[in-house]
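In what follows, chain A forms one complex with chain B and a second complex with chain C.
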Partner chain A sequence: MKRRSLLLGATLASMLLSTSAFAATTLSMWYHGAGSDVEGKLINQVIDDFNASQSDWKVELQSFPQAVYNDSVTAAALAGNLPDILDVDGPNMPNWAWAGYMQPLKIDESKIANFLPGTKGVWNGQLYSIGLWDAAISLVTRKSYLDELGLRVPTLDQPWTAAEFADALAKAKASGKFKYALDLGTAWTGEWYPYAFSPFLQSFGGDIVDRSTYKTAEGALNGEAGIAWGKWWQSLFTDGYAQATQDPADRDNGFNTGAYAFSWNGNWAALGTLKAFEDTLFLPAPDFGNGPKIGAASWQFGVSAKSAHPEGAAAFIEFALQDKYLAAFSNGIGLIPATPSAADLVDNYKPGGPLHVFFDYSNKTGLVRPVTPGYVVQAKVFEKAAADIAQGADVEETLDAAVDEINADIEKNSGYGH
Partner chain B sequence: MAGPAIFLIGLFVVVPFLFAIGLSFTDQRLVTPNPTQFVGASNYNQLLGLNLLPLEPERDAAGQIVRDEAGAAKYPAVRSFTRKNPDYPQYDGMREWFSVGVGDTQWVVLARDVVFMTALVNTFIFVLVVAPLQGGLALGLALLINQKLRGINVFRAIYFMPVVVSIVVVSLLWRFIYDGNSGLLNNLLKSLTFGAFPSVEWLGQPETALGAIIVMSVWQAVGFHMVIWLSGLQTISPTLYEAASIEGASKWQVFRYVTWPGLRNTAVLVLVVITMQAFGLFSQIDVMTKGGPLDSTQTIVFQAVQRGYGKQDISGGSTISVILFVLVLSISLIQRWLTREKR
Partner chain C sequence: MSAQVSSNASTSRAPDNHGLRLAVRYLVLVLIAIIFIFPLIFMIMSSLKPDGQLLSDTRSLAAFLPVGDISFDNYVDAFKRAPVLLFVTNSVIVTGVTVVLSLVVCSIAGFAFVFIDWRGRELMLTLLLATLIVPFETIAIPLLLIASKLPWIGAEGLTFGWLNSYQVQIVPFVVDGLTVYLFIQYFKDLPGELIEAARVEGATWWQVYRRIVMPLAGPVVATAAILKFLAMYNQYLWPLMVVQEETYRPVMVGLQYFFQLNRAWGEIMAYLSLITVPVLAFYLVLQRAFIASIASTGVKG
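Entry: the complex of A and B
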């Protein structure tokens, strides 16, 4: 209905203006960045360039605030009103693909050969979405803190071990200089918990769900490794290294005002920290036995299942994957450009740039969240379990309950198509 | 004349509710390619399932109860009965809700859905505290402002103000008031006690979180019920008061024998309305605590939304809504019966 009236409008307009004989086909596109001027300008630049570069397609943008974006897509899908081009948060993609909101993205594979692994949204062996950027987390501290506490600077090749990390926290606490040793960002509820904290679990050798089958969480979340993670996680709070309930204001500027020795935070906050302290270090995640791990995948573009013109949508997405746009987004909103060649164009991320380490962390330690339609539920179960354990709940019992809930959900969904 | 109203109420209240009843017997999901299936009462069993597990203390080879230094008996882990124990299939997947010790036996009450049980209990506590507290405070305020003083309307407006402000805004503001670092409440208590009062994370502790939300909720809606009481007070004929004063009645006697009987119907209304509103506790939880810490502020409606929307489990959310409906309906009927006119 809406598309028809748009089409009608476009046709009328072209007739009135008597421009080209055949109007370009309109492709609608939804984006999650409403409210951010910079982001709006960047995406509009890509769209304007694309519309000007050829005469077959005309992309029209509709922006939503991030907080209601997913709800809007769900509502539109139920009403059969999806746009042609969709913007999707990486871990949500399998859910939307499985539910029939999205179709496989047909673009030239060679164009994305050198993209960061976390930017490629692959489900059931097919590419559904591709990101222009990724995000990464690091353990933020200052060189002067490490020197003072007598700690070595860990590297990607030699990250801190669990023992070294424990030693670092103990020394930071013993120094008495900090309000708390570690700022985990527990104030950020929601997706932050599985995004930021489940990589610790994965480094311990556990996971939110058993990735070999995606049919159960038994043994993955409540197995030996999972329980070891839970006990360690709880000890961070019972030993007084971190706050289970954190004031959002502390999260936003606690580290920058010297309240914490270490902060577990993303690349988006890095520039602010660098401004506060020149000797800021962005350290790789500690290795709890299975290598250092951080979460991967951010917002990505894909084609909706109902699109009548998937080739047009794919053409736009392919057009957007140019290094100059990747670099523009990175310069504009501080995200990690998806390719090394685009990173070269960005002062912060080029080799030798202050944030270049994030590119390596994303490339070498990034692990996508469980690639399953059930992730949207599993993420919420994990969040509650992590929060409860932090508040002092019994580790084994909490993880057992989480496993039961995840398994019941998988069963209720007939295995989510795995 | 009532046609449009009946149509709209039917479309937006009755039809969705009938849908909820229907969906609660299926496995309907919010997002899914799978067909919906009828599952009978399994959603209700999943939510309300309870069981009793008597735990015998562990005994050593001689049959003596194993005790620690403090003399407390040692019990086997509940987990060993509820997880994949083929001898006790009836307990499989259940969790300990609470336990009571009788002699040496520990009676453990197992629930299939401990979180929902906690939500039920929290909601009942909320209703039981809020209904008398809010109703009583509102009556007190109404009596205070039911006077012919200059500028009394200013007071009426002030007391009514929180009702006009959106509950979401009020909740956000109270989050700052309850803040553990530099919140208004902590600062106030500190300055009143010359710094002796330690900072409390009001919303961050299981012991204080529900209480904090109760106080804030009472404060927010008390003005609304005050206005209802006020309208009731103003329907009482002044001649009754005149007669009472001629008879030489004391202030308490006037209240007891003139005001209170005159407020009978208002009281029933206020009680029923507060009870129903209190059962619907949601926004404060969603903005301030999200059910935490440790489920201390889980409520029925919050769970319904959390499951139906957040976890995409429409059937689970519908089931909770139906249970809530039955609860509120039966409690309202009981209230009606208890407050009926006795002839």
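Entry: the complex of A and C
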């Protein structure tokens, strides 16, 4: 009897031991890609591979539509319900780190040494997030348009100057061939404005906020360079080159149907344009005095502050940084792979590929948006100011008011920890 | 004589005037009907067209006609992009249960406010009416904090936190000031003699409520149900805050699946057409009940 119970005990103990050896700890992960079939398949592939590659961790995915993602994270943070791993839009990361939603990301940083600068989410000297891809903007046009208008093809080494860009717009308008010379995408609201239009301001020498201290926007947004940008920006609309109010249908379809000579658009729309016109050119941003600039940083992965298993979350993120996944995402959703070696694996982005220029633009002209928790407010203030100026508001007054609003917010939040 | 002539003239002109007035009235009604129906026609027609054509058609009347490249491809793609049936089922469950519970609880509350004399009634009524001026957004965050810690007994035993469930989308909306107020206003207009007579005959309050008051409450039930249905079916902010799992997501949050960087307008229209079906069905069913209840009620004026 005693022996039998001993045997039973030993069997039970060995069962328990073996199950505990195989019981992987579950890590929850949130991702913003619900509704995108391709993106869903890609992220699930990474997760399946990771789960199969080891037995300590099991990542479980919850996808959100992009439009509700940020609000869902904020609400979940309030309710104490954040997952282990989350993805974050680059410019929002400092805010989430400052608000205590995220913790520093502990991965082997030698693995990201050759990543595009815009993919690294660094705040307060620490890495919080890392992206598998970046996005970039270019001035889209056709070779045939440039030839007809008698314009040279600008390059990264020799981008158009402000005068050349003005000349290009004037010639496009004078040709009478287009509804408008330039499609800026004013139909897209929200983050598009600071992402797409603040680099013009930075090329003029201004900025949304003074990056040396992050404690004021005075002089950066409403200084000489800021005012010069504002006047130029307004002239695009008063001279009839672009629409301050644009029909979304024009944004989606206008350039591809010949309504515009130039379009300021992202690499995600590039393949559709190439399909419409074989001679499509993706030109670098014009140089308004301080070099050509475009916005950098897209969605990145990080670890939530609440995670009880940051080492597991970091292990997953490190696993996802393999070139094959970077390439798979790029092939699937058209974004720029984060490393040159991954770009080599992607037909569109490898040297000589139709979209390779975007890799160079991101690498050489990409500028991250102000790295401060206050950016989320500053982005909205900038959007409103840019829209108001486009609609004809007084440049200096509008920029002064925007500076006041940004400074009041910084003060209200005690400098956001800067 | 001249008076007679003018009177003849006016009587002979009268039918013309009447006809003209009728024609004008119909014209106005038709115009209003068109204004209301055109967005629906636009939605359904657009759901049958590929994106390029849909966008270019918006510049002409073709937007309202089934012309060009017509197919159900957008519907097929919409089902591929998002679990449409799951979202509709979730919304129908949440909306249906809330409407039924709300009608029961709010009508009983309204009954108690109107017919039963109890201490603190006036104060409670004032507090209830005061909630009408508080927008939901102002209480959303405290409500979230409460809901995230509430206990629940379910299949898994006692658990804490209501996030990611049906009950978190239902319970906070069962009682609302407006619905109770609608019942109060309607019950106040019922003839007091009916209730007094029933009480004299020995009916309990419950019997008065079930047998006398509620059978007469058809119109207010229909009105309250329609208002509640629309409010619940259109829920967006609250489910966004409390539901992180796709399993419990309702239709309006699901709509965001279609707003990617390159918007699929055709699929958006197909999805909207699909999620409008339960709303129209509910409205048509209730409209019948609404008319029937008015026709059969013994209380008029």
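Quick notes on this structure:
Simple rule for what comes next: the second predicted complex is superposed on the first by the 396 of 418 C-alpha atoms of A that agree within 3 Å, B and C clash if a C-alpha of one lies under 4 Å from a C-alpha of the other, contacts with A are read in each partner's own complex, and residues count from 1 in each chain.
The working rule: a contact is a pair of C-beta atoms (placed from the backbone, for glycine too) under 8 Å apart; a residue touches a chain by one contact, two chains touch by 3 or more.
Worth saying up front: this structure is predicted, and the values here are computed from it rather than measured.
Once chain A of one complex is fitted onto chain A of the other, the partner contacts of A:D108 are absent, as it touches neither chain B nor chain C. Looking at the shared chain after the overlay, A:A34 reaches chain C, while chain B stays out of its contact range.
Residue contacts after overlaying the shared chain place A:N253 against chain C, while chain B stays out of touching range. Residue contacts after overlaying the shared chain place A:N413 against chain B, while chain C stays out of touching range. Contacts of A:T245 after superposition on the shared chain: chain B is touched, whereas chain C is not. Judged by the touch definition given at the top, the superposed model places A:G100 against chain B, while chain C stays out of reach. In the superposition on chain A, A:D48 makes contact with neither chain B nor chain C.
In the superposition on chain A, contact is made by A:D400 with chain B only, not with chain C. By the document's definition of touching, of the two partners only chain C reaches A:A269; chain B does not.
Overlap of the chain B and chain C interfaces on chain A comprises residues 249. On the chain A side of its complex with chain B, the touching residues are 74, 77, 95-96, 98-101, 189, 244-245, 247, 249-250, 376-377, 380-381, 387-388, 391-393, 396-397, 400-401, 404, 408-409, 412-414, 417.
Per the touch definition, chain B reaches chain A in the complex via residues 27, 29-34, 46, 78-79, 82-83, 93, 95-96, 114, 179-181, 201, 203-206, 290, 292-295, 306, 310-313. Partner chain A is touched in their complex by these residues of chain C: 51-52, 55-56, 58, 80-82, 141, 144-145, 147-148, 161, 163, 240-242, 244-246, 253-254, 256-263, 265.
Put simply, chain A touches chain C in their complex at residues 30, 34-37, 62-68, 71-72, 75-76, 78-81, 248-249, 252-253, 257, 266, 268-269, 272.
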